[in-house]
Amino acid sequence: MNVRRSLAIAGLLLLVVGTYMGLFVAPPERHMGEVQRIMYVHVPSAWNAMLLYTFAFGFAIASLWSGKPEWDDRLVGAVEVAVVLNALLLVQGSIWGRATWGVWWDWDVRLTTSLVMLLLFAGVLTLRRMASAERRAQWSAVATIVAFVDVPLVYYCVRWWRSLHQIQSSPETVDPAMVIPLRLNAIGILLLGVAWLMARAAIEKARRRRDEAPLPSRVIVKETAHA
Amino acid sequence: MRVVWSILAKDLLLEWRERARTLSVVLFAVVTLLLFSFALGPDVEALRAGTPGFLVLALLLSSTLALNESFRIEREDRALEGLLMRPVGSMAMFYAKALANALLLTLLAPVVVGLAVVLYSLEVGPPALAGLVGCWALGAAGLAAPGTLYAAMTSRLKTQDVALPILLFPLVVPVLLGSVKAMDLVLFGDAMNQLQSWVSLLLAFDVIYWAVCGVLFRYAVEEGE
Amino acid sequence: MPEGVIVGGWSYVIAAYSITAIVLVAYAWSIHRRGRDERGKRGRHE
Amino acid sequence: MGAHARESAVHASGLGRRFGRYWALAHVDLEVPYGTSVWLRGSNGAGKTTLLRLVASLSTPSCGELAVGGHDVYRQRAAIRRSVSLVSHALYLYAGLTARETLAMWAQLGGTAAAARDVERRLDEVGLAAAADRRVGEFSAGMRKRLALARALLEAPRILLLDEPFSSLDRAGCELVEAWVRRFAETGGTVLMASHDHERSRALCERVIDLEDGQIVGRETLRATGDPS
């Protein structure tokens, strides 16, 4: 509880500072002007969604390997938080697109990939809800692994399908005044995300416990022999 | 291997015995193709340009029918559980079921591709036809692997008719794109020599998912704690 | 990429940041509420 | 107890299975030596089917130990399944296959040449020789049951699990099952069966386990192992 709370508070603080710097300290970008400020929340959302999906993938493997339900708790935490960030990513990307390309949606590689990714992992959460208790953990892990493996394939196929987009700009090539808010926000969302992951895992664990009735007390066995 | 073959033979025999059901999958694919044509209006040029997309969508939509059907026979008298009780190994079971599904979906190709050639007055020679069927087969294989894995899970659910498509369709976006583009290049010429990269994308998807799903199938069919 | 600088655009920035803030707060609240519900239910069962 | 595990066909201690909030089986301690026939007695919902499914390794225990033929149920499912046959409520039959095809496929899956040669004999034994080439879908409930029994025989198990073997069978069918279980037990096979047919079960089995609400409430020894009534 304490770890979770301090992570959340630290994350929030970083996020506030990063956002302030991103909005008011960092200079506007050369071509995109003020619109570029969306990047300070957009890119961190993307990084963290990917990172949390990767966590989920790791948890899925651990869950199948060990059969321990704790890994499944963490898995649902990671997937759920990542799906929220992923949905945000799409909305931010769409607003950015409207401002720079003049359309809400462009079949851009990363935007399209993140839409497919959202559908894939929303599918994991749906399957989870439909599965019976005995199979829930295994099915969630299976679906998570299958979905995660798909992400690079989707990325490459969309890229080949429509390869007319800007190349990824690495933080080294941009102004340091831009790098700092970006990093602050990235770490802020990461800490917040991990705190949520833990909170969500705790909820799942509590739900599991609630469904576990205590073992009934042992009855006395009557022995009879006719031999 | 022998075990894979005997389960596969059983599936194919049952498929043949219940050919009325199998035929309904074929009919469904044909109807889908027709509907796409009506939706796009009678402009032959536009229809012709859209052929690869229509073909792959017909395949995709009929695949969920075929996949659900393939597990209905296993669920009816819980026969899948009977197979589990034999020293078969879930991997062998997976490959048998997935092969049966891939074969069945591939067998749709001659009918649906043939119909498309007639409907959209495509001018194709034997090499192009072979190419189309080849792309179709690669796509069918790509659908069959994750499709078999997911159908094994969703066949236990009351919501199986919805569950399978919402899980499967986003997953097979690479298969869809890959086979549409590959068919497009086969049909309308491949000026920049891109066919190879699309075919290798399809192959990569097939290889990865035939391997991964084979390993994971066990967790889809065995009961956990 | 278009030439020149995009002028204005603050409204897009504000929209993006507000939506982000709303979604993050809403999710935090939902986690909090679900956690509280779960603790409440457990109390009743035991 | 642990030392006996190797010699017992079934060894369970503290075995439990939970479904959600409900314990279908709890505190089950069981020691079944090879060559013994055990009758699981109890009303519906007492946990008989759950116990049989656990022993068959189709279901995973929620707690406790379970070894079948000396193999641990958590880690050695494949080995357990090689030595165990289950005839459950669901008969695991494909409606579209004929009786002969069903058995032939099962023999192939088992992988033993002896089983493949046995197909005709087994069909004859359960009185389905005349119907061998008809599809299972056209069979009556009794015929389906007989086919499932023939299939279980084909698997040449060391341990036989029967869930209500007499249900949906006519008199002749029941007698067939009785003769068949008796022969299996005489050749050293181990039987665990759940049944509501008191008379037949009492005649067949050496021991009785009473189940109630998921727990063993009584054990009865009817006669010494291997001693025909």
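As written, the chains take the letters A, B, C and D, and residue 1 is the first residue of each chain.
The rule is short, and it goes like this: a contact is a pair of C-beta atoms (placed from the backbone, for glycine too) under 8 Å apart; a residue touches a chain by one contact, two chains touch by 3 or more.
Because the structure is a prediction, the values reported are computed rather than measured.
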| item | value |
| --- | --- |
| B-D against A-D, pair bridged by the larger set of C-beta contacts | B-D |
| Innermost chain, taking as reference the mean of every protein Cα atom displayed | B |
| Distance-maximising chain from chain C - centres being C-alpha averages | D |
| Chain B and chain D, separation of their C-alpha mean positions in angstrom | 39 |
| Distance from chain D to chain C - Cα centre to Cα centre, in angstrom | 56 |
| CA centroid of chain A to CA centroid of chain D, Å | 47 |
| Chain B: positions in contact with at least two other chains | 222-225 |
| Chain A: positions in contact with at least two other chains | 134 |
| Multi-chain contact sites of chain C, meaning residues that touch two or more partners | none |
| Parts of chain B lying in touch with chain D, wherever the complex brings them together | 2-3, 6-7, 9-10, 13-14, 17-18, 73, 76-79, 81-89, 222-225 |
| Chain B-facing residues of chain A, complex | 64, 67, 69, 116, 119-120, 123, 126-127, 130-132, 134-139, 141-143, 145-147, 149-150, 153-154, 156-158, 160-161 |
| Residue ranges of chain D in contact with chain B within the complex | 56, 58-62, 77-78, 81-82, 84-86, 88, 90-97, 101, 105-106, 108-111, 135, 155 |
| Complex interface listing, chain A residues touching chain C | 19, 23, 28, 30-35, 37-38, 41-42, 45, 81, 84, 87-88, 91-92, 95-96, 98-100, 166, 192, 196, 199-200, 202-203, 206-207, 209-210 |
| Chain A contact footprint on chain B (complex, rising order) | 146, 149-150, 153-154, 156-157, 159, 163, 166-167, 170-171, 173-174, 177-178, 181, 194, 197-198, 201, 204-205, 208-209, 212-213, 216, 219-220, 222-225 |
